[in-house]
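Labels A, B and C are assigned to the chains in the order they are written; within every chain, residues are numbered from 1.
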Amino acid sequence: MIRIVRHASQAVWAIACLLMLSLASPTWAANPVATAKSVADTAIGQKCISCHGPAVEPGIYGEWKKSAHAANNVDCYDCHKLKAGEKGAFLHNGFSIQVIVTPKTCANCHKAEVEQQQRSHHAKAGNILASVDNLLGEVIGGPAAVNAGCKQCHGSTVELDSKGKPTPQTWPNTGIGRKNIDGSLGSCSACHARHSFSSAQARTPETCGKCHIGPDHPQLEIYNESKHGILFNAKKSEMNLNSKNWVVGVDYTAAPTCATCHMGATQDQKVTHDVGERISWTLRPAVSTKLNMVRLASGDEFDQPEGQALPKVGDAVKGSKVVEILTWEQRRDKMKDVCSACHSNTTVEGHYKQFDDVVDLYNEKFAKPIAGAMKELEDKGYLTHQPMDAKIKWTWFEIWHHEGRRARHGASMNGPDYTWWHGMYEVSQHTYFKWIPELKEVVRQKDGNEAFANMLLEKYFKPVAGHDWFFNGMGKDAIEKVRKGYEERYGKGTMK
Amino acid sequence: MIRIVRHASQAVWAIACLLMLSLASPTWAANPVATAKSVADTAIGQKCISCHGPAVEPGIYGEWKKSAHAANNVDCYDCHKLKAGEKGAFLHNGFSIQVIVTPKTCANCHKAEVEQQQRSHHAKAGNILASVDNLLGEVIGGPAAVNAGCKQCHGSTVELDSKGKPTPQTWPNTGIGRKNIDGSLGSCSACHARHSFSSAQARTPETCGKCHIGPDHPQLEIYNESKHGILFNAKKSEMNLNSKNWVVGVDYTAAPTCATCHMGATQDQKVTHDVGERISWTLRPAVSTKLNMVRLASGDEFDQPEGQALPKVGDAVKGSKVVEILTWEQRRDKMKDVCSACHSNTTVEGHYKQFDDVVDLYNEKFAKPIAGAMKELEDKGYLTHQPMDAKIKWTWFEIWHHEGRRARHGASMNGPDYTWWHGMYEVSQHTYFKWIPELKEVVRQKDGNEAFANMLLEKYFKPVAGHDWFFNGMGKDAIEKVRKGYEERYGKGTMK
Amino acid sequence: MIRIVRHASQAVWAIACLLMLSLASPTWAANPVATAKSVADTAIGQKCISCHGPAVEPGIYGEWKKSAHAANNVDCYDCHKLKAGEKGAFLHNGFSIQVIVTPKTCANCHKAEVEQQQRSHHAKAGNILASVDNLLGEVIGGPAAVNAGCKQCHGSTVELDSKGKPTPQTWPNTGIGRKNIDGSLGSCSACHARHSFSSAQARTPETCGKCHIGPDHPQLEIYNESKHGILFNAKKSEMNLNSKNWVVGVDYTAAPTCATCHMGATQDQKVTHDVGERISWTLRPAVSTKLNMVRLASGDEFDQPEGQALPKVGDAVKGSKVVEILTWEQRRDKMKDVCSACHSNTTVEGHYKQFDDVVDLYNEKFAKPIAGAMKELEDKGYLTHQPMDAKIKWTWFEIWHHEGRRARHGASMNGPDYTWWHGMYEVSQHTYFKWIPELKEVVRQKDGNEAFANMLLEKYFKPVAGHDWFFNGMGKDAIEKVRKGYEERYGKGTMK
C-alpha cells in the first residue's frame, strides 16, 4: 500500500485530502490554525506532501501522519511558512518558508504552553553558552566539542548562511535554550520530537534524560534506580501515557515520571511548562540555596535566593513590574501537592527532612569550607585568578559540580546509590584525600612549608561538625568497635 | 467517573462493598484474613476508604484497587490495625493503627514467604548499620547521607517520636533489613511496592536494582548487558509476569530475571524468599569463599565459609539446634537446576568453570597478596589501626569492594564488560599503578627508603603466578609480537 | 497443556508433526533444509525432541517452538547434525552431532547473510585475541579474565577435549569473531539468541549492547541518550519489530535502532550483515582515519585508510582479485541514505559537519601531539619498548581508547553528554592535568630536569590551535568576562 502511494502519491493524496476534509470535527474546529486556515494554505500543504510524502521523506511523513497535527489538519506549511523578508525565510518552489520551527510558531496554537516555557529556567539554558563563560568547553576542550556537546542540550545561537539556511555549526540543534533567529528561546522539539510531537513521548523519563543524565546531573539514572522509576518500568502499560488529560491519581496511579512531578496536572494544579516552578532548592551551584521566584508583568520571571531581599507585588523590577511572588515554601507546597496523590503527609514530610539534611550536610561540612579556603588561596596569591589552570581547581569543580550534585539530586529523588556511592562517598573521599593534599601541595610550592594550608584547615574546617575524626583521630574505643564489626562481617584483615 | 466518585465516595463505596461481598469466592475463602474477618473490621476498612479514597489519596487507593488484596477483601485496616498499647500503635479517629506495616503483619497471610525472608541474608542487611561499623558513612560522610543513602537499602532502625509516629530520620524507609519496632526485620514493600504489592513488579530486574546497582554491586547493570537481560528487554511481553504460577520452562521461556534464578520456581523447586539459598560463592568480602549454610530449629540460618568446621544436623548451635545443612555444592546444584531449564549440562558446567576461574584469579593473584601486605604494614606500624585514614586504605578498599566485586559479579552473571573493563582491568591497573606506588610511598615516609615495600612484594607477590612480567619484564620476543599485533591493528605509535 | 506434553511427549509429537507436515506452505517449500529434508532426518528430529522436549529442556524447546525454524520444519537435528569424522562431531545415542552450531551450518539456509557476515569487520573480532596482542588481558589481568571477559565479545578460539566436546575455557562463548573448529568465524547466536533466533530480538539496541557498551565503546549508552534511543524507548510498540520485511520509512517510522542504520533495509538499499559497510570513519584507533573498503573475489574484504594507495577493480591483492571498491564517501552515502528516510538533507549535512569537526578536534589538538611525544619518549629511551609498564602509558591508553572514543562515538550518534562530559572534557583534563605532569615526571626521573619535556610540548603542542591558553594564559579580559559570567550564574567564589 505504501509502495503504491510512493508511485502515485499525488493522486492518492488528493483522495486523502478529501477524506480528511470530510472528517472535520469539533476538535479540529477548536484549533486556531485549522479554523483560520485559508483554502490556499490547505492547497499549499498538500503540495508540500506531494513531494515530501512517503516516497522521499517517509519517516517525517509517517510520524506526522500519526500525529494530532495530522488529525487536526495542521500540516507542513502551517508550521514551516514564514513571511518573505523575515529573518530565516527563504523561497522554496515559490513558497516562503523556514527550516527551523521555533516556539514563536508553536505559540500560534499552543499559547499558554509557550508562555510558560519562555519564562522558565529551561528557556535560559543558552545563557551559559551565548556568553564567554563557557571557557571550559570552548578554550580547554574546543569549539567543535561545544557544538556537538554542550549546545545540544543548552541550545546554540542559531546563525544563517548567505542563503538564509542555518549554519551547520549551529544546527541541527534542539537545545532547550536555543536562541532562535526570531528572538524566541528554546525548541519545543527538544521534548516533543519531530514529526509526531507526541505528548506520550514527552512524558517518558527518557525524554528528559536527553540532557538530565551523566556525571554532573544524573537525574535519569537516579529516577531509574528510585522506586518511582522501578514502578514506571514495571507498569508502563498502566501509565495511560496517550491520554489527553493526564492527571495523577485520576488518569494514572502506577508511577510518576519526571513530567508528573515537575509539570504534571494534579486534582488541584494544572499542567505547567514552567518546569522550575515546584523546585524549592537549587542543587546546581557550589553552595545550594533555597529559591524564591519573582514573576513580572513582562511575562518573564527570575529566582531570588533565600536571604536576598525580595521585592513585593507591584514593585518595579528589571524594567517591568512584579505580578507574583512564589516563596520557596510555596514552590515546595506545589510539589508536595503532587506527592500527596500517592503519599501520606508523614511520608512527604519525612522525605523532605531527609533531603534537606543531605543538602545541609553537603553545604556546611564540605562546600562552604572548601569555597572559603579556595577564595583565600586566590586572594593571597597561591592561585591565579584564571579558572581551571591548576589541578586543585578541577578537584573542587568536580566535588561541587559532579559529586556534590549527585548527592543532592540523589537525595531529592530517592536514589540511595547516587546519594551515597556516587555522591557523598566521593565528596568526602575527595575532600580529605585529594583536595586537602592538593591544598598542602599548592601552599608548599609557594612557601616551602604547609603552615598556611594548616591555618586554612583550622579556620574553615575545624569549627564545623563532622571533621573531628580528621583533626583528633577516631578514638581507640570507636576504632575497636568498628574493627570488630567489619571483621565479623568480612573476616580478618580487610577494613584497615 | 473517578471525578464523580471523588464527590460521592461514601455512597459509591457502600455499593462497591456490597458488590465485593457478593463476589466472595474460594480464592478469598482460602485467605486467612478474609475468612477470619469480622463484620466490624470490614466496616472499619470501608470507613478508612471513605476518607483515604480517590479524592484524597488517589494513588494509594488506585493501586490498592488493582491489587490481589482488593480482590480478596484485604483492605487498609487489615494491614494497618495494631492493638492499642503495642509499640507503634496510635489512635486515629478512634481506631488503633500503625503507620509502618512490617513483615510480622504480612505473615498473617503470607507465613511461608515471611519465614523464608526472616532467616535470609536479606533480613540481616541492617546489621551493617545498626552497629558502629558504618564509620565510613556516619563519620567520614555524615549521618544525613547514611539516612538518605545506605539505610534506604540496608534498612534503618525505626524509632518513634513522642506521638508514636516514626521519626523522619528513620522513615520513610523500605530497606530490606529494616529493624522494625516489633522486632521483625526488613520490609516486604522493598520489593512489592505499595499499594498494589504486585508479584509481576517484584519479578522485574529493576526491582532488585533499587539496591543491586552502582559501583560496588552493579548486578542490574551486569544483568542488563548479559544475554539474560537482553532477552528480557526484547521479550518482556512473553514473560507472563502476571501469572500466579511462574515456573521457568512452564509458564515462561523467554528469559530469566533476577527472581527466576535466585528465588523462582522450577519444575523441581518451589519459589523461595530466602534469596541467598542458591548462592555458592560469597563475592562480597575482600577474599571470596564458598559458603555452606546451616539452618536452625529457631528458624534462623547462617553461612559457614568452606574450610571452617561445619556442625552436623542435631548439633546445638547458637542457642538452637541444627536442622539442615546445605553444602555449597548443594546450593550450587539448586542454581544449576534453574540453569538447566534452558541450558545443557555442558553449558552449565562450562559457565561455572569460567566463573570459578575468575574468582580464583582475583583471590590468588590480587586480593590475598594485598591483604597480606596491608596486615603487615599495620602490624609493623607503617599504618595506623584506624580505618580509612590513608590513601592506600581507600585504594585497597576500592580494589576489593568496588572493582573486585564487579569482576566477580560480572563473571557470575555473564557480563563480559563488567568482568573485564569495570572489573579485572581496574583491579590490575590499580594494584600495579596505584597500590604498589602508594605502598612504596608509605614505606618511604617512615623509613626514608623502599626496602620494606620491596620485601613485601617479594614475599606476597613474587611467589604467585601472573606477576612475573612485573618482576622480570615481559621478554623481548613477547613484546615484539605484541607490538606487531597492535601496530597492525591500530597503526604505528599507539600501544606504547 | 505443557504439563501434559511433558508426560506424553512422544504421542503428542507424532500428532504435532503430522499437523506440521499438513501445513506445508510456499514459505517452507522455499526453504532449502525443509525441501531437501529426508524422511529419516525428520524422524531423527522428532527423536531429539522426545528427550529434549518440555520435560527436560523446557526453555530450549519452548523458545524453538515459537521460532520461524519450528514453523518451517527446521528442528534440532537439522542444525546439530555433523558428519561422523568431522572435527567436533561425536556420537550421541547413535547419531553424529555437534554441540556448537556455527555460521557454516547456518549458511545452509541463510547463505547471503553468512557471506556478508564472514567478510565483515565483525567476523575478524577474534584476531585481537587469537594473537598475542591481548597482553593487557592475558598478562596483566589473567587468562581467566580474558575467557569470561574479552573473549565473550571478541570470540574464543574453540578447542575440543578428548571426547570431542568444547573445553570449558573456550565455550560457552558466543563472541562475534569466534574461531570455530570448522574454520568459520563468529556466532550467529551472538545476536540471534538461542533457540528462537528471533529477528525482532536482534533488532533491539540491547542486543548490540552486549558488547557495544562500557568505558571504551559505549554505543548503547550513547544511543539511549540520543533522540533515536529516546524515541525507540517511547515508541517500541510502533516499531513493527516482528515484521519479516523491515524497511525504514515503509514498515516503521518511529525510530531507528542500531540495526536500522548499520544493517537495515531502506527503500533503496537491502539489509546487510556486513555491519561496517556504512561506516566512513574508524573511531577505534588512537588517531581516526577515514576508511575506504576493498572487496575481493575471495569473498573477503578489508579497510584501507584514506591516504593510503587504493587498488583498482581487477588488481591482484592478497591472493585474490579486487571486485569492488567502496570509497569512504560511498560508504557515507549509504549511511546518508538511511538518514534521509527521516531527515532533510540540511539536517544530514549539518550532522556530519558537527561530527567530523569533533573527530578533527580530537585528532589534531590531542591525539597526534601526544602520540608524537610518546614515540619520541620511547625512541630516546625515556620509556621502554614494553607496553603498559608506566603510568603515563595507561594515561595515554585511556585518553584514546576510552575517553577519546567516547567523544568520537558520542558525536557520531548524537549523544551530547558522551561527546562532552565522558569524552572531550576527560580528554582535555587528562591531557593537561595528568599526561603533561606525568610527561614532566618521566623526564625529570631520567634527566633531573624538565627541559626535554618542555621541548616536546613546544614541538608537538604549541603549533596546534587551541593550546594557546596553556602557553600564554587566558588573558586578563577573557578571564574577567568568564569570572563575571560564572559569578552571575553560580555566585561568588565558585569557579576558581
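Definition applied: a contact is a pair of C-beta atoms (placed from the backbone, for glycine too) under 8 Å apart; a residue touches a chain by one contact, two chains touch by 3 or more.
Remember, predicted model here, so these are calculated numbers, not experimental data.
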Requested in this report: List every chain that touches both chain A and chain B.
Outcome: C
Report task. Would you mind working out whether chain B and chain C touch using mostly the same residue numbers, over half shared, or mostly different ones? Result -> different
Query raised in the report: Just curious, how far off is chain C from chain B if you go by their C-alpha centres, in Å?
Result: 32
Query raised in the report: Got the chain B residues that touch at least 2 other chains?
Result: none
**Report entry** Touching residues (chain side chain C, partner chain A) in the complex
**Finding:** 224-227, 229-231, 233-235, 238, 248-250, 253-254, 267, 340-344, 346-347, 349-351, 353-355, 357-358, 360-361, 365, 407, 410-411, 414, 416-425, 427-429, 432-433, 437, 466, 469, 473-474, 478-479, 481-486, 489-496
Report summary line: Listed in rising order, chain B residues that touch chain A in their complex are 2-3, 6, 54-55, 57-63, 66, 99, 127-128, 131-133, 135-137, 139-153, 165-166, 168-169, 171-172, 174, 193, 198, 200-201, 204, 206-207, 209-211, 213-216, 284-287, 305, 371-372, 374-375, 378, 383-387, 389, 391, 393-394, 396-397, 400
